[in-house]
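Contents: one structure, followed by commentary.
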Amino acid sequence: MVHILLFAGLAQQAKTEKVTIDVNSPLSVEEIRGLLQNQVGPLKGIEHALVAVNEEYVELTDQVKDGDTVAFIPPVSGG
Amino acid sequence: MVHILLFAGLAQQAKTEKVTIDVNSPLSVEEIRGLLQNQVGPLKGIEHALVAVNEEYVELTDQVKDGDTVAFIPPVSGG
Amino acid sequence: MKRFNITNEPINNQDVIDQVIHHNAGAVSVFIGTVREMTGDKQTKFLHYEAYVPMAEKQLQKIGEEILVKWPKAITAISHRIGTLQISDVAVTIAVSTPHRQDAFDASRYAIERIKEIVPIWKKEHYTDGEEWVGNQKGTEAYPAGHPEGVEK
Amino acid sequence: MKRFNITNEPINNQDVIDQVIHHNAGAVSVFIGTVREMTGDKQTKFLHYEAYVPMAEKQLQKIGEEILVKWPKAITAISHRIGTLQISDVAVTIAVSTPHRQDAFDASRYAIERIKEIVPIWKKEHYTDGEEWVGNQKGTEAYPAGHPEGVEK
């Protein structure tokens, strides 16, 4: 299982902050992003979101494995 | 009478923070500076001091009149 | 108190300052971000901040480390509040101490710029005429190349 | 509390900050000057500050007015302590609020530079190996042309 976290506008569109996806083999971040939208519907602006795996920023081509937490991080606006 | 205020190293050299000088006619700041040193002895570095009359910075050529307070302000070092 | 802190509670500025004062600090530059009422002609009623808390605290700590590389004697503390904030509430307090003042100003300014780049915190403005997640709607505020400049991988 | 204040008492940073927070401030830049132990290889035991108090408060107020000319929405408060200060004690606290952060940083930095130019306050360092009025001994720190640049007459 991969745990997906959504925030701000993405969570609002998905109507949830947490999604879990079953994975049998390692997938890329980009593939996870596709599976996520298959499950919850299209998420506008997700292509502008950074992705963190286990709380570290990663690239779209990086691999995600069973047990990882994948966070989609829309443009931040703290401060 | 003109009231003279000395600070920091100037007060230390003069061994006083306040000096009064009798004046009968208006004098320039520069003349006051001379009279002061006649009275308390030479003050090293006083030529680098700014002068304020009644709490406003003035020029050496400005006039001082009876009742004024003349402050010699050595290079400041607050902050 | 943690030096790098995301909190639901009001921020005590002096607590943040106390984290960075020490015997060879001569200057402390503190930046406090407060909730402003007017932005152009839009009036804010209140704000809501949310964060990916554990990662946000890690990223704040990373900013402190980046500062220490750039200004080797700088000590940094940052608290960012989340939840609902009213006008004039403190959203973020940054304190940086250094031996000399120039570095304190530069490092403090660096910290607030980096918070706006790499720390997963989001602000939702509740205006008198509607609400909006800041930075989420406009292409201009999206990360230009998928990553904010300087994000370490 | 006065917004421009010379005091014999310890400075409460939050009291200074409170003077400048208001509903259209979005940023507050605070500068705190503390007593540093080491300056080069000289060790400070303690400091003594003295001031020409009424004129110093007037000059601090003048700095606030200069800031308002340069950054029309900036609100400034400054407290400077005099008397004997120990290592890490706060000598000066400057707070400037503005709608946007860039101006707050710039105005705060301007204020500390101007304090060092036009406010009649003097610092005596008590080092482990002697004492000295700062800025009074060296020709390089004398006012170059009789007046610090920008002093209004």
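A, B, C and D are the chain letters, set down in written order, and residue numbers restart from 1 in every chain.
Keep this in mind: a residue touches a chain if its C-beta (ideal position, glycine included) is under 8 Å from a C-beta of that chain, and two chains touch if they have at least 3 such contacts.
Chains and their UniProt names: A, B = Molybdopterin synthase sulfur carrier subunit; C, D = Molybdopterin synthase catalytic subunit.
All values derive from a computational prediction rather than experimental measurement.
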item: Contacts common to chain A and chain C (chain labels); value: none
item: Maximum centroid distance from chain C, chain identifier (CA atoms); value: B
item: Length of the line joining the C-alpha centres of chain A and chain B, rounded to whole Å; value: 73
item: Averaged-CA centre spacing for the pair chain D and chain A, given as whole angstrom; value: 50
item: Cα-centroid distance, chain C relative to chain D, in whole angstrom; value: 25
item: Residues within chain C bordering two or more other chains; value: 33, 112
item: Chain A: positions in contact with at least two other chains; value: none
item: Full enumeration of touching chain pairs; value: A-C, B-D, C-D
item: Contacting residues of chain C [partner chain A, same complex]; value: 33, 49-52, 54-56, 58, 80, 91-92, 112, 115-124, 133-137, 139, 141-143, 146-148, 151-153
item: Of all residues in chain C, those that touch chain D in their complex; value: 13-14, 17, 21-38, 87-88, 97, 99, 101, 104-105, 108-109, 112
item: Contact footprint of chain D on chain B as seen in their complex; value: 5, 7-9, 12, 45, 48, 50, 52, 55-60, 71, 73-79
